[in-house]
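Before anything else, here's the structure in question.
When the chains are written out, they are named A, B, C and D in that same order, and each has its own residue count from 1.
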Amino acid sequence: MRNIRFMALGVSAVMLLAGCSAGGGGGGGGGDSDEIVVGAVYSITGSQASIDEPAYNGFKLAAKEINDAGGINGKQIRVAFSDAASDTTTLTNVVSELIENDGAVALGGTNDSTFALAAGPIAQAAGIPFVASGATLPTLPDQVGDYMFMACYGDDLQAQAIADYSMEELDAKTAWALVDQAYDFTTALNKFFQERFTANGGEIVLEDSYKSGDTDYSAQIARLQALPTQPDVLFVSAIPNEAGIITQQIREAGLTQPIVSGDGYDTPLVAEVAGDNSKDVYFSTHVSLESEDAVVQDFVAAYTEEYGTGPENAFAALGYDTMNLIADALKRATDDTDPAAVKDALASTQDLVAVTGTISYPEGSRKPSKAVSIMRIVDKVTTFVKVIEP
Amino acid sequence: MKSTIARKTVVLLGGLVLLVVLLGVADATLNNYYLRILQLIGIYIVLTASLNLTNGFTGDFSLGHAAFMAIGGYTSALLTMPLAARALQLAELPVWFQEFVSPFPLATVLGGILAALVALPVGLVVLRLRGHYLAVATLGLLIIVKSIASNWEPVTRGARGLSGLNAETNLWWAFGWAVITIFVVWRMVHSPFGRSMIAVRDDSVAAASRGVHVFRIRLVAFIMSAFFGGVGGALLAHQLTAITPPTYSFDLTFLIVIMLVIGGSGSVTGSVIGAIIMTILPVILRDLERRFELPGVSQIIIAAALIAFMIFRRQGLMGNRELHPSTWFMKKPATPASVDAPQQ
Amino acid sequence: MTINYILQQLVNGLALGSIYALLAIGLTMVYGILRLINFAHGDLMMLGAYVSSIFISATVVPILLAVLIPTLLIAVMGLIVERTAYKPLRGAPEVAMLITSLGVSRLIQNSTVLALSPQPRAFSLPGDLTKTVNVGGIRFTQLDVLTFLLVIVLMVLLTLYINRSKTGMAMRASSENLQAARLIGINVNWAIGAAFVLGSALAGTAGFLWASRYGIIDPFMGFLPGVKAFVAAVIGGIGSIRGAVVGGVLLGVAEIGFVGFLPPEFSGYRDAFVFSLLLIVLLVRPNGLFGASEVERA
Amino acid sequence: MLEIRNLSVAYGKIVAVSDLSLTVNEGEIVTVVGGNGAGKTTTLRTVSGVLKPRAGEILFKGQSIVGLPPEAIVTRGISHSPEGRMIFGRLTITENLKLGAYNRKDAAGVKSDMERMFGMFPVLEQRKSQRAGTLSGGEQQMLAIARSLMSRPTLLLLDEPSLGLAPLLVEKIFDVVVELRNEGVTILLVEQNANEALRISDRAYVLETGTVTVEGPSTELINDPKLRAAYLGLD
């Protein structure tokens, strides 16, 4: 037990280290009067990277545009960022670091609800507003508290939109559902889709599941083919990594029904992986990047110029909108150095024109009521079909 | 002899007082971010020191520590979850469950106990294996536990996980459990039982021929290791406040294994050193990543460092030795530092 | 459940199992000699897939090159890994090698992320190889058939090589007793190197096949198939080429069968099932189906 | 032929051989006797290149062989028949013998040597395509010796060839050793069964805790009453 003493030594070493880096850490604190620190919480390595990286790029792009246009109230925005590495422990450390050491007055980020549920309470406890980019859990703001906002719509909206579209436009009466058990997002999307579909008189003939990382769906597809009568549509609740390969395997099996899904399908991987098999796919998403709307086109152009490639998916637009939402609130806040004032300003956001649709927070809600875009993929090309207003 | 014992007690108490004072100072002066890192150090000490019981002392190389952490984490989370969060997340569970909120300390202990209870039948099965096969079997255990956490919707909420926990883990709990773990592990190792453990590790056939109940020793070590693994998992759950199956991933097991290996399997103080280094190093590297905008480099550095360690210093920093700070402070190195350390 | 459905799932299982088998051969050869679970084996497959993807994008290069080049490059890569990371550990406890291989696995994954990107990439093979053919209601691709045949041919050739050639004999001797092999003048580093080169080459080929079959590659794609292939090798009996192939195919069929024949609610337990199978085999028949009858040294 | 000068070998911190010197002349049988842990096997393993010495010289035919890999030492003409025989039980008898000739390039010579071994040990020929693990202890020892002869050594290191064998077989093994010497192979023999070993050898060394304590012609040693009591288990 004598080594307790050693532990104590270790502890003091840590404290020394903490002291040093707190003292030396990049200009720490929001006290610097000519800049406003906004924290970005994204994972640019690990499993989240494929959706978080575009979002972070969008986030930085918005901040750059704002700064180039003279900043906010005469102050420049500094985006404080540290990679959350798709790991809950790192993520929570990063959130805390951005608040405590960087002095962020507001935070934006995460495209995953479970990560948002871990990050949110830290911001809530510290009294710093947090705007979730693409975490679509409808109850997220209520579960975390009054400092939690969403830049995106809830899964309920997009699931209902694609369910309605399937029934009304594709004349679907029956559906097969394949759900990824590994994600909060995919299970929630599936739940809301099935609720809406059955509530409106449709029937789910079979629900099958897999786990993200599985690459072989032949067993599930064979089971689908063995059904006595084929369903009208195939609902696939998948994340982008698997959207393409599932489509490929379904079509290779000779199934021709429309495939319907949510924003997990909003990825070029569907066309790339499934190739000629990427046909008759319909999905709901935040925005059509093909839209002729000027806001969208300007964003796509700016993103392409900045990063040399077009926005990889709608999450880029959500990241962009997240920063703009925060900036809008900072402009209107009674005191742009006071997180509580920024929170109040965020809560009163009205008719903010954003790439992913006009954002307003209804009274007492911190989840925007936004339009959902329905997209269709035909022969490798994604086209805009229609907007469904909530 | 008597004075040595008295001296030990004084040093022990002195050390504890110093630790309490230091933690008090840290608690009062550091911001929440540094406190989080410090808490993590405490939690990782619990996890590394407990993994040392199997991987270091009985030589049963387990890759399944995160499985026991998951059991402890989920159990404690279910027990402490505030009623409001429960109504939202766990409406399907029976009524009695909707009414009883356990205090955090009790939940932590129960989490550990459940992990230990699971370890009993699991140990009876997997400990029939040794070496590589045991490593893969315990990795299998981790995957099985994670599968259950991902699929047992009514209780674990599957992929959505459990969230809205109170942030109960603080410096005192983290280091309190760290001290308890070190104390228990140290006492186990420096007892006849511990000598049997080491005999089992070094030559189980010879140990058996000397009348050591080899299997029982290994099983007890496995269960104790699981208990503290469960406790550590509970502490982590209540730091993160939201847990999902990937929280207790193979990466986490691997991190604890790295801590153990770098500190030196077979040394209790080595576990402490390994946990401290491998908590702080990633933080420093992440800071460098930030400054030089090279995301992912820290993972590469840690992996390369691990390989280099295995090649050039595979016994870890401490090997089988222990640090005895008492001998430094009292300037009385009468006994060599490794006198009661396990002999190779 | 029609007979067609059962046959279809069987074919699906064979296709998946063939790739496991290809990976398992490499793992079993390396484990046989070094007692090393090479956790980086699956990551070599991932590298093979990436190398292959460079060549399929250039349409002038025939598919044969897209197979051969990764096969050769990954063989070299395997040898480099062996010489730099594992060779310095000769004589070290087996756990030290196991930890090192985990480190190598991480190093390969994260270097790929840094050098390329964490984003998954599409991998679509031009031509008809991945087009589905329908024979009497059973669907499969030409590639599935080729993979299966390749595995059988490789099994026969490698078994002959191991049993008849001088290096093969040296490998078997080394796997039985490394110490004795050195004493009688066998260059064991040569034998070990040969095992790594052959095994890694097959991992490179498997990378091409896996990517062609599933159409998508990412830096983390290799780890789980690698571990599952080890499970396959254990089921078949570690050290035996034939065992690795039979184990791989059995595991593929069992895995697909588990998903295909149990109610859909169980699909999520797929990996849990694979490892439960491993535990059962280890406990009931620790030497696997074709393993050496001697008591395992592990 | 073989000259070991001031050899020291250690396993980590444990010194197994220290300052050991020993000579084997061409055509001799030299015996090394000593108790458990005296450093006999360590010495042989260092000569065959499996262990690296901490200090000292090993000269074979006048040239240093320290630092050479084991296969190079075999090629130079030293063959080691290890303690515990270490035959490859899962390989056939023929394969075991072929491996003994692993570094030889002359296929015809290997073939004729194989015939020679079968002539010397007829039991091996009868069972040549069976797994070596099926042989009895004495047969395995014969295989081990035959295997090490397959490299056509000029110096044979024999480690405990009689270990665990019935007296009749011990006799047979020692007959073989003498026969080999008559064919021109120089032999360095390590034996617990010192009495038998000394009877057939020319000179002998006694090792104690890693160093040579007594050396001399075998006939002298065998009659030294002190040694008889200490090492030869005779009174």
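In this text, a residue touches a chain if its C-beta (ideal position, glycine included) is under 8 Å from a C-beta of that chain, and two chains touch if they have at least 3 such contacts.
All values reported here derive from a predicted model rather than from experimental measurement.
Trainee: Between subunit C and subunit D, which partner chains are common?
Mentor: Correct list: empty, since no chain touches both.
Trainee: Go ahead and name the chain pair joined by the largest number of contacting C-beta pairs.
Mentor: A-B
Trainee: Quick one: report the Å distance separating subunit B from subunit C, using the average Cα coordinate of each chain.
Mentor: 33
Trainee: Using mean CA coordinates as chain centres, what's the subunit A-subunit D distance in Å?
Mentor: Their C-alpha centroids are separated by 73 Å.
Trainee: Where the CA atoms of subunit B average out and where those of subunit D average out, how many Å apart are those spots?
Mentor: Each chain reduced to its C-alpha mean, subunit B and subunit D end up 51 Å apart.
Trainee: Can you list the subunit D residues in contact with two or more other chains?
Mentor: none
Trainee: Two-or-more-chain contact residues of subunit C, please, as numbers and ranges.
Mentor: Residues 110, 113, 118, 268, 270-271 of subunit C touch two or more partner chains.
Trainee: Quick one: which residues in subunit A touch 2 or more of the other chains?
Mentor: Residue numbers touching two or more other chains: 44-45, 181, 211.
Trainee: Which chains are in touch, pair by pair?
Mentor: A-B, A-C, B-C, C-D
Trainee: Which residues of subunit B touch subunit A in their complex?
Mentor: The touching residues are 8, 11-12, 14-16, 18-19, 22-23, 25-26, 30-34, 36-38, 40-41, 45, 85, 88, 150-151, 158-161, 163-164, 167, 175, 178-179, 182-183, 186, 236, 239-247, 251, 268-269, 272-273, 276, 280, 282-283, 286-287, 289-290, 295-296, 299, 322-326, 329.
Trainee: Give the list of subunit A residues in touch with subunit B in this complex.
Mentor: 1-15, 17-18, 21-22, 44-45, 81-83, 85, 87-90, 92-94, 96-97, 99-101, 113-114, 117-118, 121-122, 125-126, 139, 143, 181-184, 186-188, 211
Trainee: What residues of subunit C sit close enough to touch subunit A in their complex?
Mentor: Touch residues, subunit C against subunit A: 1-2, 5, 8-9, 12, 15-16, 110, 113, 118-124, 130-132, 134, 139, 141, 210, 214-216, 218, 220-221, 224, 256-257, 259-260, 264-265, 267-268, 270-271.
Trainee: Which bits of subunit C are touching subunit D when the two form their complex?
Mentor: 166, 169-170, 172-173, 176-177, 179-187, 292, 294
Trainee: Please output the residues of subunit D touching subunit C within their complex, sorted ascending.
Mentor: Listed in rising order, the residues of subunit D that touch subunit C are 45, 48, 50, 69-71, 73-75, 79-80, 82, 86-91, 95, 98-100, 102-103, 133, 147-148, 151.
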